[in-house]
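There are structures below to look over.
There are two complexes below, and they share chain A, which is joined by chain B in the first and by chain C in the second.
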Partner chain A sequence: MNNIIDFQHRMAAHCETGTLTALFNYSGLKITEPLVFGIANGIFFGYLETDNFPFPTFIVRSRPGQIRKNITSRLGIKLKENTYKDVAKGEAALDKLILNNIPTAAQVDFFYMDYMPDWQRVHINVHFILVTGIKDDYYVVSDSYYPKISELKKESMRKARWAGGHMPPKGFLFYPEKVPTEIDFRKPIIKGIKNACRNMIGLPVPFIGVKGIYKFANKVKEWPLLARDTEHLSHEIMKINILLEDQGTGGAGFRFMYASFLQQASEILGNNNLADMSKRMMLNGDEWRKISYFAAKIGKNRDLGPDKLAELSELIRKRGDEEKSFFTDLKKMV
Partner chain B sequence: MNAEEKNNLKKEITELIIEVLKITHVTAAEVPSNAPLFGQDNPLGLDSIDAIEIILAVQQKYNVRIADQNLARVILESIDTIADFLEKELDNVEK
Partner chain C sequence: MKEKELYVDFKPQQAVYYVEKDDSSYGPVVSGSQLSHDYLDDFYAKRKNLEKSLRDQIANNEISPVYYYMLLQEMGIGDLASRVGVFKFTLKKHFKPQGFKKLSLAMLKKYADVFDVPLSSMLQVIIVKEDDKSNLEIEKMKTKNDCFELFKIGVKK
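Now for the complex of A and B:
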């Protein structure tokens, strides 16, 4: 049976916030992607050296699922969420929702999104898309990373929803059950800002927030000792660019998206100081982007001597200084 | 922006990319404005690292920020799409 839901497709900077925003908009709530991100205090930094990762890495946003949890609890939104071990049951559940005209978010392995150009497709198990129709052997898909509504073979969707590996999707689906359409955003915005400040400057954890940025600055100089060889080191250094810019980050490690959030927050709260902070965060994002470019360039050219890594370290340390000052000032404004 | 101005903008963008990325194997005149900038068989031989250099160069020259990479993929599809984006942004600045 076929059914295509009348759904307004929009591109977004990040799949989780983009998917949530699209579902909320569809349900009648006017909200932007930066507002979802900011209210859910998505901005973050963490430098991670654990057994879960073969090499140290960093994250620039709160962990997958946290944005969904924060935004729904702060705005009084109720989502229905389910995972499915059984493939047949999971497929039947999705089909039933679509036939009942319910656009549904699915967690997938990005690699199987075969409407994307081959050179862009990599295995990432925490990609979110919206399924908005069924047409013969295809699902109709609204993927916020792609410019238009697309079609995905049912076989590809099956592989994508039940992919193996780290953080497997397990057939995960979610859709809104209750979305208030009139919300006073003021309190949720303030809560989101306060929690972001706490995460960035208030946690006594040496690898989280600004402390994490400083740790990254110090540790990156030691990466040659951890890498197998120059090729491996260059790969890890170039990954800095991917983590900051290439994986749906809102630009410059989500710093541009946070700047947009602060601009919108200033308008909603009538607080001009937040507009100034937005401009400051935009400039901070420009400097993160320069780090991304610098890392990509030295990695690509295999120009990875101690002087270059010291330069990279210094660029990162300066971001630590700026974000420490930024979030200290921001905390005083709300 | 009239057709002549738009064509000049496209030429300027092509020259900017060639200059910033120090490309020597083709000239601006040899790059079709609708040719893909990335992916297989792109005439300039660009990769994803070049993309960020183009983003930074465009920002520096035109004072226009391409914030996120998903948008960048669409904007940086060809010289034509960069010109379309800049035309809109520069019009907004003038207004």
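Now for the complex of A and C:
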């Protein structure tokens, strides 16, 4: 019952776009990760205060699963998707697919990916990995966040696929059924840009898009009231850096990847204005990265007085201003 | 971000970042994590302090091990309640020692599974006195009985 599919492992910035890109490339469609990200309008901002997280947090990408839905409908790709209530059936289905030489993507709880360094492992139910083989007690997995192909115990995989909790994976599996190899990217790109603009500036929700950035800027000043002590506050402030840089964003909370998408889009559409916007997005990303550095520095030095938090808040508010004008301009171009 | 400005040499944690390359095209490069490279010691120091302060609180009968593991693994109340399959107000009762003492063994096993620790770890914390654990061999073994685990400690030869 052993079978290892010959699969070219590649690291990617983000798990969902990375998994989709790898599957499309394997099926013969030439597409890059930024294109997948941009066409599916993955760029986003949201400030969340729910008890599903231990502390207020923010997100920089659209709702997990949305990228998959958008990219498949816009490019006319057909995926076979299934969730499994029954653990035994779900495991048998995955084993069967691997034995039939079909690389399959699975939704898992990131915490159980025991090949990752333990300081990175947190409970996030919306991680995606590619399963590319079975070897005795292990699955062979290709994880976009890990430099090489790795092995995951079947027991860990079981826990990860049926973790329960917020946005539970429910044993979710998907693999491509029909992937066209020749696609005209022009229309999907325009649709992706339009939807990204709508998400960032058009939605009347006070914690989504640019409004979310402003809310984050205001609320971060109140974080000391929510923290248990200085060390907890320091940890949460330093997590701003993790969420922007290290949690699979390609740097600066996906802003660098979006700049890369706009550059590729300008070449495909032959639109020079988009190339200028791409440079502007890169500079915007640099400023986001400065926020990460600043947060890490004040967190490490426990220099978390009201003046420093006000400075941090001001930096974030400026990003809100810039992104508001950026997406307003971008909307006019397409 | 230019490619040269980004690069950090940190093998244990690597990720893909999108940067401006020399020919002014934007593309992916693999680099180490700047945060982990600079501040990992700080992260572990804070974690150690948190562990100790929570352990003391359990010992003083102020909180329960459920609360201890929830904070250490950074889970939200809503998330944990739905993983274990209880209401949020029930979960909050289990945060206190009085509520924790009323837990059934089956419920305790559910918590242990969610936190991915042995069942026995819900009732005790094993601390190694030495800071340097490199010459110690610690082996956790599961048995066919899911309420019984073996814990072997030895000195490496």
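Simple rule for what comes next: the second predicted complex is superposed on the first by the 324 of 334 C-alpha atoms of A that agree within 3 Å, B and C clash if a C-alpha of one lies under 4 Å from a C-alpha of the other, contacts with A are read in each partner's own complex, and residues count from 1 in each chain.
Keep in mind that, in the parts below, contacts are C-beta pairs under 8 Å (C-beta built on N, C-alpha and C of every residue); 3 or more make two chains touch, one makes a residue touch a chain.
What you see is a predicted model, and the numbers here were worked out from it, not measured in a lab.
K.L.:
Superpose on chain A as described above, then tell me if chain B and chain C fit or clash.
P.N.:
When both complexes are placed onto chain A, chain B and chain C end up clashing with one another.
K.L.:
Which of the two partners, first being chain B and second being chain C, lies in contact with A:290: first, second, both, or neither?
P.N.:
The answer is first: A:290 touches chain B but not chain C.
K.L.:
Would you sort A:326 into first (chain B), second (chain C), both or neither based on which partner it touches?
P.N.:
After superposition on chain A, A:326 lies in contact with neither partner.
K.L.:
According to the stated criteria, A:84 is in contact with first (chain B), second (chain C), both, or neither; which is it?
P.N.:
Touch partners of A:84: none, neither chain B nor chain C.
K.L.:
In the overlaid three-chain picture, which partner chain does A:207 touch, first (chain B) or second (chain C), both, or neither?
P.N.:
A:207: touches no partner chain.
K.L.:
Counting residues of chain A touched by each partner, does chain B or chain C come out ahead?
P.N.:
Between chain B and chain C, C touches the greater number of residues in chain A.
K.L.:
With the two complexes superposed on chain A, say which partner A:245 touches: chain B (first), chain C (second), both, or neither.
P.N.:
Both chain B and chain C are touched by A:245.
K.L.:
Answer with first, second, both or neither: which of chain B and chain C does A:54 touch in the superposed model?
P.N.:
The answer is second: A:54 touches chain C but not chain B.
K.L.:
Quick one: is A:7 in contact with chain B, with chain C, with both, or with neither? Answer first, second, both or neither.
P.N.:
Neither partner.
K.L.:
Can A:120 be said to touch chain B (first), chain C (second), both, or neither?
P.N.:
A:120 contacts both chain B and chain C.
K.L.:
Could you tell me if A:278 is touching chain B, chain C, both of them or neither one (first, second, both, neither)?
P.N.:
The answer is second: A:278 touches chain C but not chain B.
K.L.:
So which chain C segment collides with chain B once the two are superposed: 9-17, 99-107 or 135-143?
P.N.:
9-17
K.L.:
Quick check on the output: what are the common chain A residues between the chain B footprint and the chain C footprint?
P.N.:
On chain A, the overlap between the chain B and chain C contacts is residues 11-13, 117, 119-120, 144-145, 147, 238, 241, 245-246, 248, 250-252, 256-257, 260, 282, 285-286, 289, 292, 296, 300.
K.L.:
Hey, which residues of chain B end up touching chain A in the complex?
P.N.:
These residues of chain B touch chain A: 38-40, 48-49, 52-53, 55-56, 59, 65-71, 73-74.
K.L.:
Using the touch definition from the top, list the residues of chain A that touch chain B in their complex.
P.N.:
The contact residues of chain A facing chain B are 11-14, 117, 119-120, 144-145, 147, 238, 241, 245-252, 256-257, 260, 282, 285-286, 289-290, 292-293, 296-297, 300.
K.L.:
In the complex formed with chain A, which residues of chain C make contact?
P.N.:
So the residues of chain C in touch with chain A come to 1, 6, 12-20, 25-28, 30, 33-36, 38-40, 42-44, 46, 49-50, 70-71, 73-80, 82-85, 88, 113-114, 116.
K.L.:
For chain A, which residues are in contact with chain C within the complex?
P.N.:
Touching chain C: residues 11-13, 33-34, 50-54, 111-112, 117, 119-120, 122-123, 144-145, 147, 159, 163-166, 168, 231-232, 234-235, 238, 241-242, 245-246, 248, 250-252, 256-257, 259-260, 263, 278, 282, 285-286, 289, 292, 296, 299-300 of chain A.
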